[in-house]
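Presented sequentially are two complexes of subunit A, the first with subunit B as partner and the second with subunit C.
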Partner chain A sequence: MFAKNAVAFVFLLFLITKTVIVLGQDKAVFADSISFAGFLINQGEISGLEFRLTDSSGRIFLDSSLNVLSEIGQTADFKTALLLKDSLLRSDSSVWEIQFLVYEQEHAFSAVREYVSNLLRNGDIEVTTPDTNVKDYISLASKERYTPLFPGTSVYGGDYKMVIVILTISLFVLFALGMIIFMLIYKTRRNRKEKLQTLYDELIIAPLSEILFEKTLDELESLSDEELYSNFPAKQLKKSLYTQVLVGRILALNKKMKGDFKLKLKALYRRLKLEKASIEKLKSSKWDTVVMGLVEINEMDLKEGLKEVKKLVNSPNFQIRSQAVATVLNLSDDVDLSFLRDQAYPLSRWQQMNYLRIIKHLNSSRDLHINSLFSSKNQSIRMFGYKLVRILGLVDLLAELEEKFQSSADPEKIEIIKTFEYLGVPSEMQLVNAGLKSANLELVAIAAKAAGTIGDDSTAIIIGEILENAPDFGLKLILLRSLLNLNGDLYRQFITDNPTSDSQRINNHLLDPLLKDV
Partner chain B sequence: MYSFLFYLIMEVLGVIFLFLSFSVIVTYLFIMVLSALEMRDHRRKNRFADYQDIITSPIAPGVSILAPAYNEGESIVQNVKSLLSLHYGKFEVVVINDGSKDDTLAKLIQAFELEITEFAYCEEIPAQPVKGVYKSKNRSFNRLVVIDKENGGKADALNAGINVSSKELLACIDVDCILSHESITRMVRPFMEETNRQVIAVGGVIGIANNCDVQDGTVTKYRVPMTLLGRFQVIEYCRAFLMGRMAWARVNGLMLISGAFGFFKRDLVVEVGGYFPKTVGEDMELVVRMRRHMEERKIPYKVGFVPDPLCWTEVPEKEEVLSRQRNRWIRGTIETLQLHRVISFNPRYGIMGMLSYPYWSVFEKMAPVLELLGLLYTLVLIILGDFSAFYFIALFVVLYLLSILVSAFSLLYEQISYNNYKDKKDLNKLILTAFLEPMMIHPKIVYWGLGGHWDFIKGKGGWGQMIRTGFKKSEDKKNMEADTLNSSS
Partner chain C sequence: MKKILIIEDDLLISSLVQFRLRKDGYETVLVKDGNAGIVAIDTETLDLIITDVMIPFKNGIEIIHHARKTKPEVPIIVLSSLGEEEKIVLEAFNLGVADFIPKPFNPNELAIRVKRILKS
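Up next is the complex of A and B:
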């Protein structure tokens, strides 16, 4: 309906425009013969137009002595012809008429009027102003093509302010229009999508609940295609939004439910052949589609997709890489952490947190070879390995950590010492003592803190030596806390021997029960 | 001669104003595009993020929430309870009573069973003397630390809080802000995600809580404020946070993290000397100094931004209060830019030097002055009879439309991303405000901004001559601070 109206409207506009043009062509330039005569008087010479005087017998007036007419008796100025006619009327009784010649050919007054009108319409002559006999410059300028005074400039570029204003407005209008069009399209599509999503969700909920709560797993697996597709029509399953809503629903339920319900959801996923779409998503060029595919494979235990997933564990995209590693860890029955060891990209804390959750879950059921991470060329992965030993309480790997300690960089040493402290292994005191003697203050502070938990008398002596060198306030507090834990006598001795304000304040702090954890 | 000079100046000014108008439009259009891209990426990433893990993960960083309080007796207990109920594993709440003259401390002591401790206070960053550090004998409030100190202003209070804090990250907030339960988990994420560069700070969005329903520390029902001034600030905050900061975050050019809600790496804050207490723009100054520190050492870094609605505050709806706030903001901006003017157009400082600083100088600091000059210029042209109505009307219309376009765009962002203002009437009111703002509110904002400039020139804020020379290096602030303290003692 709208399209029809639009076409009719455009056609009407076209007709109106055409009519104006056609009518405009017939419009008379001179209202009457008087205005034409007045024009001829004011205009002076007009190209191709001449006048001569003839009497009733057809005799042409010739008078070269008057110097107003040529030898053939013609003049190009209508005013001259008129003046001559008047003077002849006064001096001579005979009647003289003005003849109009267009390119030497005699024409009637009306024909000449039309000729001059055409000249004016076509812009071949310019109207001369009656008072000053000066050309109409505005009219002239509008007819004349612009030529710049200085070479290299143009009609538009000549006024730079105008250029900036035009450019500004054009840019603004372009962007504004673009944005408005985008907004309208976006809003319309979104509204439509939301409506459809709600509709599909309503269509999906009922059959999904029926399958989950009224059918057993065996019944679901033996369900005929006909019955299955009566609940989830094949026609609808071809629509991407419907599938998206269905997958979303199944994933959400899978997260919330346990046991048999999970199995039923996974079975249904396969029966509806949704797993193919999930695996297909891994080939997408959009990272978020790939990650969505990985999430689906992970949640629905689609082990057939593992081969494709493994290709993505070293993806340059952070999100893809993270999800791919998590999926491989979750789904693979035999995989250990050696694939993680070979990762080239640094491991962020976010990734570590996600992997830790999975590894924690898997560690009790299979051997993940966590120690393989210690030999990674990637420092962040080695450090993740040390953290895993600490968090998972893998005491059997401490000997390997001890071996690694000497050859490790300071950040790794810090992680190793933290691990020994956390697991409370006093036999590894030499590591802590070595840390205390480091030039790296951060390492010294960590070692000092660990010393309080796993140190011995030798550590207390080293702490005493460091305290003698007046460390900064923060380190002093840590050292004294550790000393207090290790050897109360040495601690009190130090406080007595060093009655400085700092020592006294630290002593009061350490003895305050409210500050036990501070 | 003088006549020639006068006309030359007028001509040059004309060119400058045209260029400025053009650059305003182009800049805003770029900001729109960049923020749209950033918002799109953020929303995509958020689809796959599971924030539940962070709460209990041993790998997540600890957070010290620093909340300075001055004469907050009426609401302090409720606010601290709300902070203590945040969903996160490793965090502490450090409330700093900045020499309140009311019963703020007494109420805290009573409500949380506090006792003064023998805390060995170490002044890593200079601050006004600390009178006492309090802890609760009730284990339920184990996360709470209260510092009682001499009054020294917000920046000074935060510095004292930093000295007492013990966690890896600092969350600097206004104590009267409402924080979402998820606020820490979401703000911590950028710190945990980055692999190739350090995230030194992360800013968050501040929502407007006026006229909204608040339940259990979260805004449950959004309504636009009752007054035009309040509604204008809703649009302004959308523009600033959802557009401006998102766009700057996209190019890693953020120079400002709101003092009401910002997360920082503690070790770096201490390394650069903490907040600078002698400026009213301490939040911006700290971010600029931290960035300078990283740029000067050529350490890859990032300042992040999280656009999720996680923090709400009440904005002033009275002109008197708002004018004071705007005066303070413009002074803070001027002071910070003056202090760090060495970075202006200095390629050594990367995006910050070549883009962010010039942007802030022209479009934020100088905006009120330029607008006044533009007005005067127009008046002179009218008097001289050299006034071109075409240019004036064309530019005026374009800038007015641009203002509406930008406001509408930011509202659209809000609607697409969060859709907080669900009531259509609220949205209509906001759209109407966007139309009225350029005529009814903007002139006032310009006037208050000019007041800020004037107050800065007069020296309001207690700045000494030496500070105006600017820091030579980012860490010079520490030395300067020490000199100031020595000379005063």
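Up next is the complex of A and C:
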């Protein structure tokens, strides 16, 4: 089919070319017979064209002395023929005429003109320049192949711009071809994988449903290999994609089902020996494979993998580290938070939220030694420990926080003060007072806020001193709110003594029953 | 035989629910998206509809609206994740659904609820 089309295309091109040539013949090369005669004179010899002289009786003039080509008196040069005719006219009474021969055949003047015109159109003859007999350089040049000026350079390599353009186009074409081939291969593989996944899905869902609904947990655990592998063929289990789909489906069901179905799914996972593959994934060099292995171990409660998981809790990879810590916390029966103390990397807020969710659940069942986090060299771990004291309400650890306060950096002090405020411990107000005297305005603001809840008269005096130094509006609002809570007399005295617009606005705000808590 | 329409885009869940309900002797019609659900409601003679909330093309609430207009006598059970918006769940209840089962769920529990609803 392709060959037929190619032949038809080439024939069409041939027809178009021929049509152009034929149409081009309509255009006259010589305007008239005079210009044609002039051309013949200038041109000299023309291939296939000869001239001879005949008289009225048809006698042919014979003379071998004047550029005559043959004994019968023919010449290839029109100028010679004209000269001969003129000389004969002067010496002879007979009237001699020039006869035109095209390849030895006699032709009329008009026919010869058409013949020469065709030669010119086809480029078969070169036009001779009149007078100087110099060739037409443009027409000559158009027929000549380019040759470089300097020896030793190639025809195409001499023009470096052309080389760059050709190279660029070639590279682009190659790149485009490469991309197309890559996309085709990729799409084919992906389609094949999708088809296989759909097929494996269908193969897996039916036996999975049957086992989950028809077998009890005990029956499933005591199921013979023969029966098990009749549902999930051993041959298929050797295929990685089949295993991948099976593991994916079991994990998805484990998330969406509850009750004894979860236990059955975990039992089935072990019966199919999928746990080995999950633990093996932890040794992969690809982080996503390792994380997938961790998720599988976590979801399927594969405690035998804990030893390997613990090696990853301080991994430089954020995802691996986060998932490994979550898995250790979830699966280990006896682990406390001391392993978290030694983490070298800072804890992100997302990690803190994730760990908090698990720790909240575990804290009610066993001692996690949260205070071990206070001695971590990692500031974010220490701060996480303070937050845990606050969120879990561990008042028995407040004494340790008090000890840490003086040696802590400002961000930690802020967390400690927030914890004291949240738990409402007035006995620790000296920490709040120390915070109020800090040069760090953020710490002062937090301490001022806490002072309203857990401060006393000494705190009110410190607040009064800070207010004398004209703090900015935001801090002033916090300080006055705390002062109002601690000592109403001092508050009113300050407002009376400082009738500034800011003080009046804050006073109106704090005394307004609707706005006072905003 | 009672006929139950299951509208659920998760093939695994829908297959398990179908398997469980067939085991109890119900005839089931399984569709994967909202448009197919609307067509099934219009063309099938149904005794119960079980629908997920988040499904392609038309959500569960639109399905319930349509079912209430065309077949108000058919009871509806909504299967949905707990994480879904409270507003959606409340709207479903206001439209008069018979039951709401949050995911993760136990298919046996679903089967018991189906049995109870169809008996009443």
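Methods note: the second predicted complex is superposed on the first by the 335 of 518 C-alpha atoms of A that agree within 3 Å, B and C clash if a C-alpha of one lies under 4 Å from a C-alpha of the other, contacts with A are read in each partner's own complex, and residues count from 1 in each chain.
The rule is simple: contacts are C-beta pairs under 8 Å (C-beta built on N, C-alpha and C of every residue); 3 or more make two chains touch, one makes a residue touch a chain.
As the structure is a computational prediction, the values presented were derived from the model and not from experiment.
Of the two partner chains, subunit B is the only one touched by A:391; subunit C is not. Contacts of A:34 after superposition on the shared chain: neither subunit B nor subunit C is touched. After overlaying the two complexes on the shared chain, residue contacts for A:439 are found with neither subunit B nor subunit C. After superposition on the shared chain, subunit A has more residues touched by B, the comparison being subunit B against subunit C. Applying the stated contact rule after C-alpha superposition, one finds that A:261 touches subunit C and leaves subunit B untouched. Applying the stated contact rule after C-alpha superposition, one finds that A:514 touches subunit B and leaves subunit C untouched.
The residues of subunit A shared by its contacts with subunit B and with subunit C come to none at all.
Residues 14-15, 18-19, 21-22, 25-26, 29, 32, 44-45, 47-48, 50, 53-54, 57-61, 115, 117-122, 124, 135, 137, 142, 145, 166, 189, 191-196, 390-391, 394-395, 398, 401-402, 405, 409, 412, 416 of subunit B are the ones touching subunit A in the complex. In the complex of the two chains, the subunit A residues touching subunit C come out as 201, 205-206, 208-210, 212-213, 249, 252-253, 255-259, 261. Of all residues in subunit A, only 161, 164-165, 167-169, 171-172, 175-176, 179, 183, 186, 190, 287-288, 291-292, 295, 318-319, 323, 345-350, 352-354, 356-357, 380, 387, 391, 473-474, 477, 502, 505-506, 508-509, 511-512, 514-515, 517-518 touch subunit B in the complex they form.
Across the complex, subunit A is touched by residues 10-13, 15-16, 19-20, 23, 103-109 of subunit C.
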